[in-house]
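A short worksheet on the structure shown next.
Note that the chains take the letters A, B and C in the order they are written out, and that residue 1 is the start of every chain.
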Amino acid sequence: MNVKTYSKDQLLAWYETMYKMRRFEEEVFEFYKQGLMPGLAHLYMGEEAVATGVCAALNDSDFIGSTHRGHGHLIARGADIKRMMAEILGKVDGYCRGKGGSMHIMAMDKGILGANGIVGGGIPIATGAAYMAKYKKTGQVAVSFFGDGASNEGTFHESINMAAAWDLPVIYVLENNLYGISVDIRDVTNTPNLADRAIGYGIPGVIVDGMDVTEVYEAAKAAIERARSGAGPTLIECKTYRWQGHHVGDPATYRKRKSETEKEDWMAKCPIDCLKAEMLSTKKAKASDFEAIETAVNKEIEESVNFAKESPYPDVSEVFHDIYV
Amino acid sequence: MKEITYAQAICEALDEEMERDENIVLLGEDISFIGGNFKTSVGLLEKYGDMRVKDTPISEAGFVGMGVGMALTGLRPVIELMFSDFLLVAADQVINQAAKIRYMSGGQVNVPMVIRAPIGAGRSSAAQHSQSMQAMVSQFPGLIVVVPSTAQEAKGLLKTAIRDNNPVLFFEHKMEYNKKFLVDDVVEPIPFGKANVVREGKDITIVATSSLVMKSQEAAEKLEKEGISVEVIDLRTIVPLDIDTVVESVKKTGKLIVADEAHERCGVGAEIGFQIMEKAFYYLDAPVGRVNTPNVPLPFSPALEFPIIPSVDRIYKKVVEMVK
Amino acid sequence: MAELIIMPKLGFNMNEGKLVKWYKSEGDAVKKGEPLFSVETDKTNIDIEATCDGYVRKLFIDEGDKLAVTLPIAIVAGKEENIDALIADAYAQLGKEAPAEEPAAVAKESTAEKAAVVTVATAEKGPGRHIATPRARRVAEEMGIDLASADIVGTGFEGGICEKDVLQYAASAPKVRATPLAKKMAESAGVDISSVAGTGVAGKVMKKDVEGALASPEAAAGTTVGELTQDGKEILEKVPYAGVRRIIGERLSSSMFSAPHVFFTQKVNLEKLLELRKQVNESQDKKTSVTDYIAKAVILTLQKYPDINASLVGDTIEKYKSVNLGIAVAAPSGLIVPVIKNSQNMSVVEISEAASDLIEKAREGKLTPDEYSGGTFTISNLGMFGIYQFTAIINPPESGILAVSAAKDEPVVVTNEKGEKEIAIKPMMNITLSVDHRVIDGLLAAQAVAEIKALLEQPVRLFL
């Protein structure tokens, strides 16, 4: 882990973002267990370094497209966790007034083109935003987050092909957490490194350790600069892992098929713990620095939980609003 | 007033709107250099350049999805699907994404996008290039569904579609493209959700879409000579549906035929017929009739295809059956 | 499963029925519950439904034929079932010989197949009297045409009545386009309503139109020159002695000739009753009529003298505990007597409610046979027409009928508070009881009339 290059403030900011994601998901997990959360909860725990590293390299005016496992992406973009939490509970103060829920939080004020319930559904949408940026010469870029599962959808190939053909300013961030629900990507694809697919479209394909925020940041920064310069898209494959099953309630028994200790091995690489340990060992920060961050984040999370709980449900009349302009 | 083809009218609407608003961008297969498979974007590449008139790869889901992203970020994409059948290739982007994003975001965003797609049988294109998808897509809340009749109507309605802030499916009838129509020199946008009574009558009402408006008018002229007075309504848009105009007409005539080229099952006729039953039950003097494509895939051979396409003769016979 | 269809007995007095319409022809498929034929009873036409699925294999009578009840009129059986024995039996019952050259119809192949495939459509099919489009129903209602009784041939969907049929009917039968009140006014004034121009919806003749016609000079003149009889009488109109008119005629002449009528008249002072009625009508919502009080008085009297509440049935005189009181009503189609069943414990207001409901139905021709049969005694009130006195013919098989005339102010001798006799003006009404002398003697009849008078003159007793 390359912490030497970065300032203490930058590293602590990443730590704070990742820690917030982790705590947020833990609260969502609690909500879910308490029966307060409708629908399904797809948690981002374990993958925090990906969203944090990529979004740290973006400008505020840039766009991202998220996925059904999108809470981390939103937090990385600085979305209001009160409104996120309210949305997850289906409350009227949620980003989508309770009409989207966990899987579909959209926050246009943060350049978030929407989380998407359809695997691969958001890839061409982010590509379209990049088309706009190129045509209007705005200097913006778009990041499309998606998983290993989506890399087998037609939209992945169609979008990368067009973006490559037209040098669109878009970065495809493939969060390879190994599983599409229960199916191991290695069992359904004969491409050990999914980034290799970039070769077929004539664009760079980069493989990074998705558990290392500094490595993700570096790769993203390079790809974003390339895109902004008009040189076209990059595919970044982040090797990562999800702590939980596909969603809360998935026992994830499939993880032991290849290795009894697969989960434990990955958890040993926890992006949050590792960053903290590295910073402490290299004297980049003191334990008290982390305590201060954790206290502040925990307070913010608690506020968001209370806000979400107290927010009313939308009136049933709202069901007929916002279908058409 | 001038005489131009339906395809030229589409071209003019695109040109006039693109001239007015630089956010309008055309995407589609073969629309750029050759000006469109049905010649509906001739000359636009030269005038507006490659970024605004974009030939895409054959990736319907991909470029329709791009259109959604463009619409979310300030552009007004107008996408051409070479055949309405290809909507199914892009169905996720149309139905799960474009139609629902505004709703799912709690009203944060709009998707001001137009998808133009030719419908209709009659070219021996068989079952994958001859369908009329207007009934199917009308099922999905969030989409506007436009079924213009004449060139003049197509031009006015396309302008409205482009200016509308909702995702609009704009179905052009492929058998009309090369026909000539009289079109006003200046065509203003035609509002959605207002059906057009194109012919007044007292014995029976035909509410029709797309080219069946013209076929219904032709049948009506023939029927008038036989003493049957037919009212013809051009529906213009299926969503929003101007049921009030149909109700008013049925109150007068007591009889209704719904003519739409999509398959009969669960179609426009089923919807309008049901609403008329609810809203004008005591004015109905006969069961509502339908003229549609039967529930079979469109066949290739002209010997098989032509008999099942809704025709002037079928409309004529349906009226006679119901009025005499 | 072969079934012999008979001329149904649909009323106490119904001895024969007239087949008005066959909804099916020989060979047609028929579903259980589908109208099979229409029969004219003594008062209305009634549709009879098929009681089993099958095919109409044989019809024994034609439309317009009359036949004694319970005799066979048709056979419904399986498509190819052998019904020879049944046909022979039917002809035997009809007292005819089976025509040799007339084989039973074989079910029509196409109809049968259609019936098998689309049973619903077939079931709804029929010559239309009961099928009408929603629009036709609405238009008919607006024009005051009763689709159930009007003889309209449907040409619309599946033979149903459509708007055009109603409009054509209205044009060809202008008499129908009139309000019930206008019809009644025209009838009582002897004006042909078809000659009156209507100003209502779709030319419907309204009350004011009849008034206008009556006021015009032509109405009185009677300008039409009609056909002359052999002895030179000018004919105004020829009306067939048939249908309801004939049934009324036959029943009343049968009553008059078989039951020796005796008549008992009394004069009743209505002063107290009118005062009481005023109070009753002011104290509650249901407006009672004088007839309602007379009905109550009659009911109480019949309970006191059950010998009058009786019928001669063959060799037996049946005396009834139930008082089923008939009230004669002049309906547009002729005289009809709706019956208030089991009226013995009803209050005046209850009687009033029951009576107005039935009278309304009678005027609209909507009475069911059950509602105009089974009476034990009848009241006929012509008071509203100012009749001073009349006698009524007994409605068989009842044994008595009370004719009620108009109340008129008359000078009468009364005893004042001082016990002196003086002449006073009182509202007096004649009532005349007709009884069948075979069943009821004069003394009993006289007692009964006196009781009715007493009850009406001390009306508080009606509420005890």
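Criterion: contacts are C-beta pairs under 8 Å (C-beta built on N, C-alpha and C of every residue); 3 or more make two chains touch, one makes a residue touch a chain.
Small disclaimer: the values here were computed from a predicted structure and weren't measured.
Chain B has its Cα centroid nearest to the centroid of all protein Cα atoms in the structure.
With chains reduced to the mean position of their C-alpha atoms, the one farthest from subunit A is C. This structure's chain pair with the greatest number of C-beta contacts is A-B. The distance from the centre of subunit A to the centre of subunit C, with each centre set as the mean of the Cα atoms, comes to 86 Å.
Once the centre of each chain is set as its mean CA position, subunit B and subunit C turn out to be 61 Å apart. One inter-chain figure worth recording: subunit A and subunit B are separated by 41 Å, centre to centre, where each centre is the mean of the chain's CA atoms.
The touching residues of subunit B, when paired with subunit C in their complex, are 254, 281-287. Every residue of subunit A that touches subunit B in the complex is listed here, in rising order: 63, 65, 94-100, 104, 106-108, 113-114, 116-118, 121, 123-136, 142, 154-155, 158-159, 161-162, 165, 321-325. Interface residues of subunit B, counted against subunit A in their complex, comprise 25, 51-52, 56-57, 59, 61-75, 77, 92-93, 96-97, 101-110, 141-142, 144, 164-166. By the touch criterion stated above, subunit C contacts subunit B in their complex at residues 133-138, 156-157, 162-164.
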